[in-house]
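Chain lettering (A, B, C, D, E, F, G and H) follows the sequence in which the chains are written, and residue indices restart at 1 in each chain.
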Amino acid sequence: MKVQIDFEKCKGCGLCVTACPKKILKMGAKSNKGGYFVVECIDKEQCIACAACAYICPDSVLEVR
Amino acid sequence: MESKIICAGFGGQGILSLGKFMVYAGMEQNLEVTWLPSYGPEMRGGTANCSVVLSDKPVASPLITKPNILIVMNTPSLDKFESKVEKGGLILVNSDLIERKISRDDVTVKYISANTIALELGSARSANIVMFGAYVKYGGVVSKDTALDALMHQFEGKKGADSIKKAFEAGYNL
Amino acid sequence: MTKKVLMKGNEAIAEAAVRGGCRFFFGYPITPQTEIPEYLSWRLFEVGGDFVQAESEVAAINMVYGAGGAGGRAMTSSSSPGISLKQEGISYMAMAEIPAVVVNMVRAGPGLGGIQPAQSDYSQAVKGGGHGDYKLLVYAPATIQEAVNLMYIAWDKAEQYRIPVFILGDGMMGQLMEPIELPPMKQPNDPEKFDWATTGSHYGEGRRIINSLYLKSEECLQQNYRLQAKYREIEKNEVICETIDCDDAEIVLTAYGSVGRICKSALPILRQKGIKVGLIRPTTLFPFATKVFEEVANKPNVKRFLTVELSAGQYNEDVRLAVNGKKPIDLLSRMGGEVMSAEDIVEKVMEVIK
Amino acid sequence: MPKWTKPKMLTDATLSFCPGCSHGIATKLVAEVLDELGLQSKTVEVASVGCSVFSYNFFNCDSQQAAHGRAPAVATGIKRVHPDKIVFTYQGDGDLASIGLAEIVHAGLRGENITVIFINNAIYGMTGGQMAPTTLIGQKTSTSPFGRDPKKQGNPIKMCELLATQTGPAYIERVMVSDYANILKTKKAIKKAFEYQIAGKGFTMIEILAACPTNWGMNPPDAMQFIKNDMAANYPLGVYKDIGGDK
Amino acid sequence: MTKKVLMKGNEAIAEAAVRGGCRFFFGYPITPQTEIPEYLSWRLFEVGGDFVQAESEVAAINMVYGAGGAGGRAMTSSSSPGISLKQEGISYMAMAEIPAVVVNMVRAGPGLGGIQPAQSDYSQAVKGGGHGDYKLLVYAPATIQEAVNLMYIAWDKAEQYRIPVFILGDGMMGQLMEPIELPPMKQPNDPEKFDWATTGSHYGEGRRIINSLYLKSEECLQQNYRLQAKYREIEKNEVICETIDCDDAEIVLTAYGSVGRICKSALPILRQKGIKVGLIRPTTLFPFATKVFEEVANKPNVKRFLTVELSAGQYNEDVRLAVNGKKPIDLLSRMGGEVMSAEDIVEKVMEVIK
Amino acid sequence: MPKWTKPKMLTDATLSFCPGCSHGIATKLVAEVLDELGLQSKTVEVASVGCSVFSYNFFNCDSQQAAHGRAPAVATGIKRVHPDKIVFTYQGDGDLASIGLAEIVHAGLRGENITVIFINNAIYGMTGGQMAPTTLIGQKTSTSPFGRDPKKQGNPIKMCELLATQTGPAYIERVMVSDYANILKTKKAIKKAFEYQIAGKGFTMIEILAACPTNWGMNPPDAMQFIKNDMAANYPLGVYKDIGGDK
Amino acid sequence: MESKIICAGFGGQGILSLGKFMVYAGMEQNLEVTWLPSYGPEMRGGTANCSVVLSDKPVASPLITKPNILIVMNTPSLDKFESKVEKGGLILVNSDLIERKISRDDVTVKYISANTIALELGSARSANIVMFGAYVKYGGVVSKDTALDALMHQFEGKKGADSIKKAFEAGYNL
Amino acid sequence: MKVQIDFEKCKGCGLCVTACPKKILKMGAKSNKGGYFVVECIDKEQCIACAACAYICPDSVLEVR
């Protein structure tokens, strides 16, 4: 399953984007109810489940399996 | 004459500034004015609102519980304040961010695509200026010229002043 | 008329302080008054003063003690929990007779409470939240303009009586913006001209001591007599109180500060409904406008009072003391940061008069 | 096997922090450690006054909210009643190093068997960006608008250095949450602190260099760089005290 | 009768605390109450409790907050300046509903003042020296025996209402020795049995939170309503007041604490002189014995009141509120650590009745 | 030429100290230094709460009596109003290192240009002999009746060591008044501190190991030996910080 | 019957203990008693005094302004309290340390060389015990046996108990 | 003139006795109004005016010229 994003919880801070060694996370164009633009995974296949993104995310938005 | 206005929306939408524009315009027209923001950390990422009073007598209470004008920039704010507007009052709705319609029929309502208009004019952040223009048109206690003067005064020497003016005009001319 | 400027209450208070001669600020951030230190953190340097963000409210009030005792025009400001921490220092200042100004922009309590406006520090300010028998000169402005005017004279009064002056505001007043007229710049007195200030210039017989310790009870008693005599003097001279429409009123509202302002807006609504209503709005809380209440309570037209306050009845105790059983008194109170509207007041009046 | 899921010691409440705030990271790390050490039903958290004031809503255990600066005193009271339970404070720099300085130092001197999570973000976050005792020289804040000048606004306090000179503290380390690798180090330090408490070794404190993007006026990734380049340069990372095996 | 032992007031209070189940003390030395911590610094270890000499009064009260919130029977004691420093903490405890006991052996103020007995912290204790609308359950014993008896029940009351209990003594009572009867040892409740205590045993849904923050004003209002409802309940149930000879009295003395005791000794002297004199001596200051005063004030035989207190009239304000103008009230006050004698009281009575 | 006469900066008031109390020696030394530096008409003393509370009666200059622990804050207030005057505090160990810890540390961090005379007698003298933050391990006091046990009553605080870790203080030295030679050294240190203040170098503190014969339950000569043998062993003498020429 | 006693002298003369001996004796005789010391740091090297009340009714006020018995061990204390003694009262004066005579003639006065007597008995520090003996004799509310019992109880098992007894007897038998 | 003792100011602490290198100070048998036994100089001739006594005296009792 690798990385999973909880759309409503993301605050769009962009920290996970900087953390991902595979550069597969990027800020999306869609905003959630909180008005935040939510991060997207542009290529789940490449995800190595390293959890760097999950560790840096302040809001426990990302789950990595 | 006492105009009691509540402006409400997300933090970051320029809600507090919108209120200040009204106040400056009111002052320019020699009205008595007050501006009271909601404040504190609960604003962080949450909603923001302010109460503005324009009056020809000293303002007794700056705290508005029943506005005669409501300007709303998001749905939660509409939910919160819709029912409080006085009968016969005015509601200006930013229809870009609020999908639903007003359910009351005892108030005047204007739906304004403020974000779209602002974006079209090339200044995405001036949706609040568009709303201000609309307010001057429909809220009607300050003249257009006075309001525009007061507004432009705030942006004097700053870049983008031109697009501010355009946004105001667009709002006014809806 | 001087040109009016639009300012936030907290900033107007800060600017008025500077114009009233304040040159030293010692304080610690707390909502909803932080704009006062923020403003003064640059403004005081412009006028040759000094600004210290203290390590705590306790340190701040004791810095004010030092600066005030040295003859400087000094102030601190805070909000409820921070003011509680200053109680020991305030009691010291009262006994050592330090002229200085303390501002409390009251928020909801008790405890960490909330940050919305309240008036629930009334007893603390007026009855003495610190230990011992002391009083402060307590001003409770209803508008930013009144706050500005009071800040402007605060140090004059403080030095005249050698007493800490206390400004009791609230969160709403601090955050509110309205156009105000600012008074002209006033220069503070030269500390060397005071015959009590520890300016460091005195040696031997004429040296100055700022002190609140009197281990011998007879001496402690004498100093307390001195304080009490001063308080009687202040009661004689310094009462400020606004009275509206009491001459034919059947019901008299009374409120102070921001609530006094809200009450005012209820008056025309009530008169329109045919209710004969008046208002007593004291600006000084100590000295209390006892005489005003007595006179109004003695009027045959006045049937009852309605106290309106943002606390559980703290202010009402002083109203009751002043009315002394002559007329019935009702209470409209809000707590926790909730503020009553003019309509709420109207409703309450309708209820109590029927 | 999941590589990362939300720790059970975190409630479902949305964190009240701004986007990219390091408080979120630190809170999560503490929760993970408590999970891993199995401390969920024997822990009392002490929340302080600052942006983390609501942490009693986030940690899934018993909690007390303390007056500004007094969390170590409150923790002392709790620990004396329940010496067998785990007690920790979660404090900001204004709370711990300014108004609460006497309380933290004396808790340290007493060797109070508690753990202190100290979030140093060089600013008063909650009240909107005033100067903190740890604000860097030159840093602009709303009460040092021209940048902190040591002659006017004094010098930044170094808490690890200060506490390490005294007898009482068992383990003191400074870490940062600027990036993945350092976040893992931070977690390790937090874990060690709680292990020391379990072993009854005494007072432990982890100082975490953290970002306040909002009041620093930076976007979160830049703020992380600021931690690494500026904060860590002024507040050197490392172990300042470790009594190791002895008690 | 149990054998009486001769003890200093402060030590008797400390021993009674232990017997009443107190197990935790957090405090800081200050004259004239230091014998309380000194005694407990060895005594508590004998009963498996704990004693911490805190770094300051501020730390001490917050340790009590922590321990009380965790379900322990905790106390602190101090004297006037130290109690002022505790005001923030006390306000927090009131809002967070922490059961605990705070003792103030009042000394002369304001400021550093003196160390002789006074009653000038009345308003601070009764009206709320801290911020916000709160009340403490305030006991003012007149004798060491009464102090012992009140200490013994203090934690039961504190836990029953989840309220801080405040013992308002004075320097004289702390230093005085007299023979007392000590109650038997009582075991404190197991913290785990409280449904609110943060014992560290709770996870998930049932977890306990001790808190005084309510940022939303509606919630803050609700918590304030809760507190006020509790205070009304206490007013209904907990008034303790001694009344002597009011049935035929023409002049009624009123005083609390040590002064109440002195007034008692003036009664026979006055009766001997043919003066019909009575006494109202409240033991609880909050809740105040308003009804007792009302009833006595309504008696036709009662012509006037004389309040006797070691302060400038702080207690007298509550007397005036209760009497509400029905009868005239005079005041005999001393300050600065001076204490009136029975003879002084007699003299004052003779003066006011003529 | 007189070899020793009472300094003019001492008033004629009888000192309120017990026989053999080191406060008398320290007070006198400060007065001598002020005399020698010609500071009599430009000095404000700040008296603290402790046995030296009446020092405003002893020093022959302007003076303010400060609340317990707050002398550095009071001194800050005075100094900000009169930066060209000399301001010093005279504080005991309970005052400075317990209740007033935050105030002294932050005055140090601000580099507040004041001089602090810190009398460490390891006891609360004024209130009758309770444990001080500086009470030695094993020492009996009225609130550590079985001797100070670090597990129960915590560890003694070392103020010079603590302050020396921070930027702000200019000069910090620990001395003692146990005998003639050390009294001369103490005087020299005090003089240097005031000279630094005159030169505007910032915060200076002299910690003086001192005797409280009354509450130590010793005769004065034995108490002096206790300073030398026990106090100095736990509180090493010496210069802890000296920024020397730079400001 | 209410006996109101003030004991006064230098710190270190055993003034406070003297008061306590009276209290213990009173208790032994089932009287109501109170003992109130002067306190605080002003005592350091200065004067010390205490107020003792022995009564057959509950003691209303432990604070004595007009004693009927005064026991003074130094001149400043005599100066301070002499005039306050009630008419017909008793003053016991330690004549070793007080050179002057009492100026009043409406009180009973006993001059006692307490220090000399104590020194002769080999216990320089028990001048206060001598005064206690004299008090029991002249002050007269507790019987000699009860007083001696109560006193010896305090010194039970302590060395020097014997010389205490002698000092008491000497004071009593003056 | 060498060492001079102000009889009424002495508190009899004995510190000067320990400080004098010439051992010419000793506690006397006479007490002053404060009740303190006052120090005496038993041999003024020997005094070298070193002021060690004066420096250690907490109460400025001794003057050395």
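Everything below uses one rule, namely that contacts are C-beta pairs under 8 Å (C-beta built on N, C-alpha and C of every residue); 3 or more make two chains touch, one makes a residue touch a chain.
Predicted, not measured: the structure shown is a model, and the values here were computed from it.
Colleague: Along touching chains only, what is the step distance from chain A to chain C?
Modeller: Steps on the shortest route: 2.
Colleague: Measuring between Cα centroids, what's the chain most distant from chain D?
Modeller: The chain lying farthest from chain D is G.
Colleague: Could you please state the distance in Å, as a whole number, between where the Cα atoms of chain A are centred and where those of chain H are centred?
Modeller: The computed centroid separation for chain A versus chain H comes out at 83 Å.
Colleague: Any idea how many Å lie between the Cα centroids of chain A and chain E?
Modeller: Whole-Å distance between the two chain centres: 59.
Colleague: For chain F and chain H, what's the span in angstrom between their mean Cα positions?
Modeller: Spacing between the chain centres: roughly 26 Å.
Colleague: How many angstrom lie between the CA centroids of chain D and chain E, rounded to a whole number?
Modeller: Centre separation, chain D to chain E: 39 Å.
Colleague: By the touch rule stated above, which residues of chain B touch at least two different other chains?
Modeller: 40-41, 45
Colleague: For chain E, write out the residues touching at least two other chains, lowest number first.
Modeller: Only 31, 55-56, 58, 81, 88, 92, 96, 111-112, 115-116, 211-213, 215-216 qualify.
Colleague: Spell out, as numbers or ranges, the residues of chain A touching 2 or more other chains.
Modeller: Residues 11 of chain A each touch two or more of the other chains.
Colleague: Quick one: which bits of chain E touch chain C in the complex? Just the residue numbers, please.
Modeller: 58, 80-81, 83-85, 87-88, 91-96, 106, 108-116, 118, 120-121, 123-124, 127-134, 211-225, 227-228, 311-312, 314, 317, 320-321, 324-326, 334-338
Colleague: Which chain F residues qualify as touching chain E in the complex?
Modeller: Those in contact with chain E are residues 49, 53, 65, 67-69, 94, 98-99, 101, 124, 126-128, 130-131, 133, 142-146, 152-153.
Colleague: Quick check: in the complex, which residue numbers of chain E touch chain D?
Modeller: The contact residues of chain E facing chain D are 23-24, 26, 50, 52, 54-56, 58-60, 62-72, 74, 88-89, 92, 96, 191, 198-204, 207-213.
Colleague: With touch defined as at the start, can you tell me which chain G residues reach chain E in the complex?
Modeller: Residues 20, 23-24, 27, 32-37, 39-41, 59-63, 65-66.
Colleague: Can you list the residues on chain H that touch chain F in the complex?
Modeller: By the definition above, chain H touches chain F via 9, 11-15, 17-19, 36, 49-52, 54-60, 62-65.
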